[in-house]
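Listed next: structures, encoded as structure tokens.
The same chain A turns up in both complexes below, where it pairs with chain B and then with chain C.
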Partner chain A sequence: MSQTTRPPRDALAVRPPAPARDVGARARSISRLKRRLTPYGFLTPTGVLLVILMITPIVMVVTYSLLDGVITNQNPAFVGFDNYVEVLTNPVFFTAVRNTLVFTISSVVVHFAIGLGFALMLNSPLLGNRTKGLFRVLYILPWLFTVAIVAVLWRLLLNPNGVVNYLLGAFGVTDGQTEWLASTSTALAAVTFINIWSGYPFFMISLLAGLQGIPRELYEAARVDGAGAWSQFLHVTIPQLRPIIISMALLDFIWTTQQFALIWMTTGGGPITSTEMLSTFTYKLAFTRYDFSLASASAVLVLLMSMVLAFFYVRHQKSRD
Partner chain B sequence: MSKGAYMGRFIAVAGAAALVLTGCAGGAQETGSTTDGGTTTEGEVTLEFSQWWEPELPAGAFRALMDQFEAENPGITVELLSGPYASTKEQVVAGAAAGTMSDVVGLDGAWVSDFAQQGAIADLTAVMADVGYDDSELASQVQVDGATYMIPVVNFVYPMFTNDALLDAAGVAAPPTTRSEFADAAAAITEGDAYGWILPLSLEAPNGIQNDVMSWVWASGGSMLDGGQPALVDNADVSSATEFIQGLWDDGVIAPGAFTMKEQDKVEEFTNGRVGMMIDSLAHVNLIRESNPDLEFSISAIPADDGYDGERGIPYASWGIGVAENSEHKAEAFKLVEFLMSESVNSELSSIANAFPGNVGSVPDFVEQDEVFGTAFEIYQSGFPANEFTGLPVAEQLMRDFGEEFQRSLDGQQSMQDALAAAQAKWEREF
Partner chain C sequence: MTVLATPAAVSGRPAQRTPPKHTGKKVALVAALVLGACFSALPVLWMLSSSFKRNSEIFEFPPRLITPGFSFDAYTTILTDPVKLRFFLNSYVVALSVTVLSLVVAVLAAYAFSRYEFWGKKTINIVVVTVQAVPPITLLIPYFGLMVTLRLYNTYQGLILTYMVFTLPYAIIMMTGYFNTLPRELDEAVKVDGAGPMTALWRILIPISVPGLVSVGVYTFMIAWNEFLFALTLTRTEDMRTVPIGIQLLMGQHSYEWNEMMAMSILGCIPVLLLFLFFQRYFIGGMTAGAVKL
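Coming up: the complex of A and B.
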């Protein structure tokens, strides 16, 4: 009697002595794997930097905002959204929101108006190249100063005994005794003015570049159609500049809402709370009350507001692409 | 695959690895060394000492004192971490939070309570007991809950400065000694081309509340606290001082721009002869002399309430010193404290800093050489150093809270009594 048992399939399989075909397949699969991983290798430095510089701090601040007495307390307790409630029920927070909006909207609108006006002037064929060069240097000067210099300069100029009061008094415009930065009625306007002065060149340069890129043919065609200077401005210049205007306005809005140094160095958020901004409000929570949890909650709220603006900016950029 | 492509991949992978490794290495290094600001190498101890004093002293003067300490204490080296006051404060706050504070730290009295509550600075009462230090030679100690956390090394007092020429021109024969005399003098000066008094109330640096407002309370022996708790309401001393300042404001004798004015603006206005009187740190005497050598001014005690004849409190700011709780070399750190507080070194330090000593036996040499400083030293010795903000929790925020309400009152938005009540409510929350 014989019994034939079928050996397992694998046992029967006689492995060929590493034929050249399999070695080649393995090499190809390693090569494929390498090819697949290479992009990740290139992305890793950026990814690591993003995690270290962006994601980690944001996650930390959000975590801090949910704890009580973080940093100063060795065992901070989880308090949920209590810090957010405390910030949102603080009347000074809403004063800061209102001041920030007034400061930002006024700054962006006037930055645009002055920037466009000066850019049109510098692009005008009515002025010679030397004159344009001179004004280009003059107009861009405010942008070259650091915030600290701008703050010190305008503190001196707007001092009750300063040059501005002297000139206004001498020409009979005011009594020469105005406390520009120290009066509750003028302080917000004064810091907004300083911010406008220091920020318009950025708009001007960008709009000037845009103006120089508008094809002359469009103006010629408009003139052929009988359009005057105002019509050309409205129907050629503005539509051609619209993408730049929207991008610049959104960026300026985001940057201006985050302005801290100028306010801190000129008024410190005062008199009383008349120039209190979200940035100074948050700073005071962190560095004078040492309440880093409340400051984190305030910072997260500011981040959320900025993200709304950033969303519109990104959407606008995508639609352009 | 081309050689270039291989090279590209290599660079990408090496870059990523380097970043990760660098991150890991940084973390490891930090973990290993940050539990203690100082380091030990074969019996040698290096103490880190962060302070803002070195830049404010003549070049090399503070380092020379450290060299002397090192010579007297073989095996201990002092590494000075120096910066301006504001950045030192941020550094100390960050160090306290991260547990990386230097072994020895320069402290302002306004920070002490917070750091003590945080457990960042050591209980010096215990350290002094451990090393058997006799604290009777210390002029003052800043305590929290009965334990010393800061020792004032030198003190800068804030007397009243008067412009001699402006007072003469206004027909004021001598610096005022009472509030009535002060108000009359300020009014007389303001009738000329200058203002009578200057009051910095900036909310960015709200120390004007301490030096220029509460100093009136302390000068008449008053207090803003009761049993260590806020006592601004129903306090006759605080009420009369603040109402007095409100009166000066209403009379228009205070220089304009007060609400955003800082200490340096005050000094500048006085130096330029635009105000007749100010309350300021003695540390600014040399600055005023250098900026305006022709200016003749006098120093006197801050005027007291009419009829008050008790001891007058004189506001002061200190260069204080403390030891980090996380220091592994507390005994060595305290040797440095002991050295700075010793009679001879403290005399030397107060002489070069133009300040008054923290050691009761020390006498700075400028007291005998300079009439202005001599007068100030007499005022200092005849009264008592007063600064109730020292040791209070979030002291700067308390000044800012008071400053906001005080500004509202001066601006006519509320009465002074309402301002005091509002400030009291804010202070109670902070306490």
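Coming up: the complex of A and C.
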């Protein structure tokens, strides 16, 4: 921006001197225009990227879902909602919906329970700060590993000859022969457990920050009113953490329903369809069966479900402001 | 930010004294903490231990933490294999580029959101927030075609641009929040002296936003370093694969080299671990602010 187009320091308050009136007015209107356009300039890189790599693909996937034989076929035919009908009448789709819900709801609930438990322990006034620091690092550890690593690690631990079976056998809990990830009766529970292990620290850290933000006076006031530890927890801690809990739960819910890598690298959705999720189901339609039209229909359905969740999330965030 | 940063202020406060009547409670608490640590950290210890074993000792019965075959062989194998070193190089190139580019683009956008009122601001804001919830699997199918059309399939640029789409919304929201905490008078003062908004941004806001930039940068790096689905689909040749895919490829081979997989996993988490140890404060700040303020 050059010196000449800059408005006088007090442009709004003082009339420009009469002789220069025209020039001043023009300069001001140009500068106002510039100032109006500046924010859009700053937003251009973001806008270009989001239009090309977010809006365009969404339009593309919706279009794909209404055609037959996209990508593989030169001239795909318009088939309306046929692909959706086919996906929605596929029993595996509903297995995937059910598995995704079981996986997600269990994960979110237990993430919350463990996260809150650990956060409360780490926030205890009985502990020295060094102890707290050490355990905080230990508790965050699982979160520092990428999903690919988490998957390989737990494949090692849950191997039929692995250390988990050894320990369970040694303590007489099981016979020590369980094929955790290869048996239809345990695979879903096993992947859910792995996801719980890798995801709780995110909850824990936010809740810990939340706990430290609760004013001490609230607890003191509760104590004066004769509230015990449990009553303080119910009537001070939980209500104070409520907004964080709701945000975290919604975010976790959105992310967990989208989990792909963990499932793909541990069970691949199997055995049979016992751990098939919406993400693996869609992926397989596209990259195993090469039916990109059906996969697109499934992907759009997944998008719609996520947008419903996002709607609640945005509404919740707005109500907090 | 102050509230969020407190958990890391370890050495800042003196340890609290506990009256003796709490000893019983304290013992129970420490016991519970240790039990929790077993759940969170023992698997990681086992990963470390397995990376030093011979592959024949991985499933020995009964299992031992340290075996007679203890060695660094698995690490040597990986660090002398040019194919695997390439995975690491690729991951670093992609993750660092995504971090730098996301920060630049996000700072510009955040400046507009924080300092200007303009038509469509609310709508764009909602789009940025909502975009975070778009499932990667939905984008994957069109991306495949799109990247081929744009000639970005199996390139660094393709992966970098893709990851930016996932990191930008978070980075913009975080930086907007950060800029909002800085008084407007700071940049207005520079502008009154005749400087444009760019000068105000680079000379004034950026230098005092370093903590926010570090938080966002660390988080962005992690997302890019860890991403799996798009790295799997948008690259084809071995020389373009990243570390997570490299680990998966090790798993796909006929005989499982568990010790090598564990060594590769340890090597693969080192950057994130170092970032965490050095920037714990920012790290936690970024993590929580994202969730709390989004």
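The criterion applied here is as follows: the second predicted complex is superposed on the first by the 279 of 321 C-alpha atoms of A that agree within 3 Å, B and C clash if a C-alpha of one lies under 4 Å from a C-alpha of the other, contacts with A are read in each partner's own complex, and residues count from 1 in each chain.
The working rule: a residue touches a chain if its C-beta (ideal position, glycine included) is under 8 Å from a C-beta of that chain, and two chains touch if they have at least 3 such contacts.
All values derive from a computational prediction rather than experimental measurement.
By the touch criterion defined above, A:A227 reaches neither chain B nor chain C. For chain A, the partner touching the most residues, choosing from chain B and chain C, is C.
By the touch criterion defined above, A:V147 lies against chain C but remains apart from chain B after alignment on the C-alpha atoms of chain A. Look at A:Y64: by the touch rule set out above, it reaches chain C but stays clear of chain B.
By the touch criterion defined above, A:N159 lies against chain B and chain C together after alignment on the C-alpha atoms of chain A. Looking at the shared chain after the overlay, A:Q177 reaches chain B, while chain C stays out of its contact range. In the superposition on chain A, contact is made by A:T38 with both chain B and chain C.
Of the two partner chains placed by superposition, chain B and chain C are both touched by A:L49. Once the two complexes are laid over each other on the shared chain, residue contacts for A:I272 go to chain B alone; chain C is not touched. Shared-chain residue A:L251: touches chain C; no touch with chain B.
Shared contact residues on chain A (touching chain B in one structure, chain C in the other): 38, 42, 45, 49, 71, 159, 161, 264-265, 287, 292. For chain A in complex with chain C, the touching residues are 1, 3, 6, 9, 36, 38-40, 42-43, 45-47, 49-50, 53-54, 56-58, 60-61, 64, 71, 117-118, 121-122, 124-133, 135-142, 144-149, 152-157, 159, 161-163, 166, 170, 197, 201-202, 205-206, 208-210, 212-213, 244, 247-248, 251, 254, 257-258, 260-261, 264-265, 278-279, 282-283, 286-287, 292, 295-296, 299-300, 302-303, 306-307, 309-310, 313-314, 317. The part of chain A that touches chain B in the complex is made up of residues 31, 34, 38, 41-42, 44-45, 48-49, 52, 71-74, 159-161, 177, 179, 181-184, 187, 264-273, 284, 287-290, 292.
For chain B in complex with chain A, the residues that touch the partner chain are 1, 9, 12-13, 15-16, 19-20, 23, 90, 93, 97, 114, 117-119, 201-205, 255-261, 265, 269, 274, 394, 396-397, 400, 403-404, 407-408, 411, 413, 430. On the side of chain C, the complex with chain A involves touching residues 3-4, 6-7, 10-11, 13-16, 18, 22, 25-26, 29-30, 32-33, 36-37, 39-41, 43-44, 46-47, 50, 58-59, 61-63, 104-106, 108-109, 111-112, 115-116, 118, 121, 124, 126-146, 161-162, 164-165, 168, 172, 192, 194, 196-197, 225-226, 228-229, 233, 243-245, 247-248, 250-251, 258, 261-262, 265, 268-269, 272-273, 276, 280, 284, 287-288, 291-292, 294.
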